């Protein structure tokens, strides 16, 4: 990953600011002849779209995506990828830039205002400009394409903690994720979060969260040691999401507390004669290479820094001041980070899948083991 | 990062297996005219060197590094970098490959044996081959060079947790780190760890750990949003270290439990008239760009999977078996991961420093803020 | 360069097909605070625009460029780059896709029809799809930005040969380039080319050409040996232009015929006390690094393969057939390759300028020579 | 390609100076389980080795290569690649550095002395340091590995012009190439070159040359448009060889003189039912993608700048002087560039082969055409 591109063979470059004319991405290296409709991409975008409940920002963005290139009708009239760059564009519609006049010259604590100014000496201050989480719409669009690259891949995310409150993993039900506004797999926790977050929201405050992404159907062998390890790239991809402060794979930080006996995932053969792991502390990755088990990653999202309580800060001209952040914001940005996390995991796996196929070939060397 | 290279302008490519003739690295893109002696690199390697206490593997490797290229005498006879690739080689000396005959065809649970075989259909099984943490000697050598690229940069690491036992941060003393065999900044905790790890070691078990790396003197403005963010690259670099399962920046996973009021780092002006943060939940990074504060990263290391208790596993030929891992191993690989973590952080910052200078120029745009 | 991106720190990714909704590019890594207006980019695009004389395709494309991101008003209200991705989009307007129904399943000899089909198993056959030279509009737009990155840089191109007919270099007048439809610096040759190309055009044939690009104001020291040499990257960039079959630097293929005495560019000091070359066989590049002289590159463009004389070919279904290429075409594609060549040279130099600044710093090490 | 690395999936990083302790390369991304012996690599190196006839430098370098990593015994005891980095090292033996004391502070015209000093402010002046063609030994070693990556690939090079004297292509005999010290496929021309070059050598002069490289067995479909085109990468790779000033593919600069009728390669079906080109002006590449025909590239090598006639120059301290270049040199560096050109072509094709397989899969989409 570098600058505004991530991936090596499946490469995604995003562009656009929160209040500019449009944002989007160019997906380069997508394999050809993959059926792809604008509706599929839209479906993923709709999951991330703001303004769908009182728990997310009230900015009303239809987030309608257009395909500018890279897709064409095949012999049967079906729209498929052509192997050339797929450009996707989403127009910004509901910009209330005047909300941001106040912060033109002030640095909002916890935001990237100060660091963008230090780095570039100029910034689009409207809604955070390039540093806005609005950029993640482009990632979700790219992720919708990435999901189709690896046959059988299923990537799903869920909010597993809000503030200090963790879900009960015994209640985990993937179907529940679509039924509540928190992408929460535990119906009981979701009910609790509704009240809890109402309180946060009404007080003009905000709260952090933890998200878990699970990728099933990941073929064994993906990952390019030493410095393109699957887990290393997942860490990079998830940490690049706005407001993320931590990433862990499998047992994660919990692994620090385990002994070797507890942590090692033992092996046997399954009914199909294939090697089988008896547990998954590894989170589906050993030595940076996928094991064939579910790949499991979690990431921590800090509370949005846009709150109604005044915070001390400085301005561009050397003055000291304080600031409350008006405008429309998510009281828990972690919620809408769920589809973004899924998209990033899908992009990493798609890219590793192609790189693996490049180095090792379609079939891999598994047969030589027999 | 890709394959066996990390970095963009300051690029490090490593090579070598645990029991091959040699391992090493090629550092490409290092700025010219930086004084560099073999002794400086050796000093860092000596900190990571095995066999220095009973708490690390008893393999006796002198880890003597040789410089093959990229350094030449300047007008004053001082050895300096020339801007061309710096090749460093470390010979393997103390290989007891016969220790590994047993595991030639068996997959050690928790190790990369299985995944390397799935991916490549062949592996150097001696001591883990390429997947061995011995590769990190090459990283430490590269890190010794990276440290010199950014004027004023100081990168220090410390072990802050072993198993479930955390140090007392009130006892933090950087000088203490060099005084105990655990790189532990808390003398009292170090004394406890000595006993604790003796117990682990004698029982043939192993234990995880958490390491914290602090980089001071990082200029503000480093980081290439969106997908080359400083924290994103730190996450990638640290997660690429053997056995690491989690990475966090600043408040990290703790940020998920905070409110916006608690988490935002307020700003004032310092005595020098420069902007000053009143706290550092951000860990020195906002929007993927360094703030000028200390950059703080932590990573979790799982217990080494090489233990003396038999674990269930399978072999290359489809059989089921069990396995104890003989050979020489670290009961807590987290200890020797400390200098490795420092090296990775130094490499990331050196690379970002050069990329930043490339895009923005020597002076940056800070003056335009005045 | 890889896939659809070129450059390392100044990175350009293009997208779009000849008859799709739009084409464009994302420029990533452009330094901040460079004044940039849509009119400047448009001016370069207008030089490449089709339909401006009877010597180029009659397709009427306004080639109106829109800036979607990366530019914002500075303190003085001037539009400047922000250091974030600059997305540029050009809508396709004059698509007569029905012209191409005939060739849907046939491979036009000399075109990329066959190879795209072999590689991807699908292609947008309308006007060549992604392989169309229409993609070069996006390059020219990017080049307009690149030109502004290096202070003092002037990149100019000229057609120096059409078919077997070379211009008289004694007549070279840069001002003449803008006065004839051939970008020809020799007024007399331009008059000849007018008649000559009329003949070619009327007979439904086509003809090749040679273009020379001269970059002045290139600072000494640019180029990243060994595999990112300035001349190596120029060769790559120019060879990537549609229909280009050869590239040379300085004396080029002529250097093969010279002796060491003839070829070596001797040195003296100039009036300003700086080193000065007495000739420029090197074309401004020694050892892959710019000398400070004019950088001179030439490239050969084959005749367009779209001609009215039937050529033998095969079709997608295994049949043998022949083909004449209708549609609108350039009888000498070399003409409109002139601004494209300029753009590519500007992009390479901009990228090398930033990379050089990254590795070596703003001032370089020149002062140490004194 | 960037800095000292070329390739994307098959990546080669070289290091080393002419008179340093050693030079070598790290090959990263090589597919696993390819049989590879040190003898195979040595065989290629021996073709490039200096001191084998009176027509090349008399420096006596055994160029013995050592494999430090990436190769291991398979189940049958055969040495094969493991998919991990292959490090190759060649020690420098016959360094007469004192030959270069004279030019320590002077810039040899036509050499990279001046530009390295301008860029880096320091250089290893002994034998050209990093800018020496001695670096190409590492390329040849890498090429020996690359040749084995693509099944059925045969890459051969030949010297086709020395000074103004071209070979007679009707006399072309590949077997002849190994029989004369010029890699010349025309026995009659070789005899002429022997006398011609003796004259050049005895007068202390030097002369340029043109080399042609032909790659057979290149599967159709290789090449990553737009900016990773096969011909674009060949141009880059060949132009990166020391002293190369021009590159052309297929008809090359000659294509500029052709009409569309002359240049288009017509198609029919062959006896095997597969598409067949009736000529190869394209040099095996259309739209940047291989056609399945032989890939044909030529490059021009300038005369070595090391000659015995004094040339005007300047020194590091601002003085004006003149210079003759003593030391041991090739009167026609083009000769030993033949195996280097082969190596670069093999590396590019190997890399494109892996990237193609990554994006499109093992079988490609050819079957869909039926």
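What to note about this one:
Which chain is which? They are A, B, C and D, in the order written, and residues in each are numbered from 1.
Here is the rule we use: a contact is a pair of C-beta atoms (placed from the backbone, for glycine too) under 8 Å apart; a residue touches a chain by one contact, two chains touch by 3 or more.
As the structure is a prediction and not an experimental result, all values here were calculated from the model.
Chain pair A-B has a twin interface among A-C, C-D or B-D; that twin, with over half of the contact pairs alike by residue number, is C-D.
Chain centres here are C-alpha means, and the one lying farthest from subunit D is A.
Interface comparison, C-D against B-C: more C-beta pairs in contact at C-D. For the touching copies subunit A and subunit D, the fraction of interface residue numbers used by both exceeds half; the interface is of the same-residue type. Centre to centre, using the average C-alpha position, subunit B and subunit D are separated by 38 Å. Separating the CA-averaged centres of subunit B and subunit C is a span of 44 Å. The geometric centre of subunit C is 26 Å away from that of subunit D, both derived from CA atoms. Residue positions of subunit B touching 2 or more other chains: 3-5, 8, 14, 29, 32-33, 83-84, 119-122, 130, 224-225, 356, 360, 365, 368. By the touch criterion stated above, subunit B contacts subunit C in their complex at residues 8-9, 29, 31-33, 83-84, 224-225, 354-363, 365, 368. Within the complex, the subunit C residues that touch subunit A are 2-5, 11, 13-17, 20-24, 26, 28-29, 32-33, 66-70, 72, 74, 80-87, 89, 119-124, 129-130. Contacts from subunit A toward subunit B in the complex involve residues 1-6, 8, 14, 107, 109-112, 114-122, 130-131, 135, 161, 163-164, 200, 205-210, 220-229, 231-240, 242, 245-269, 273, 275, 278, 281-283, 285-292, 300-307, 309, 311-314, 316-318, 320, 334, 356, 360, 364-366, 368-370.
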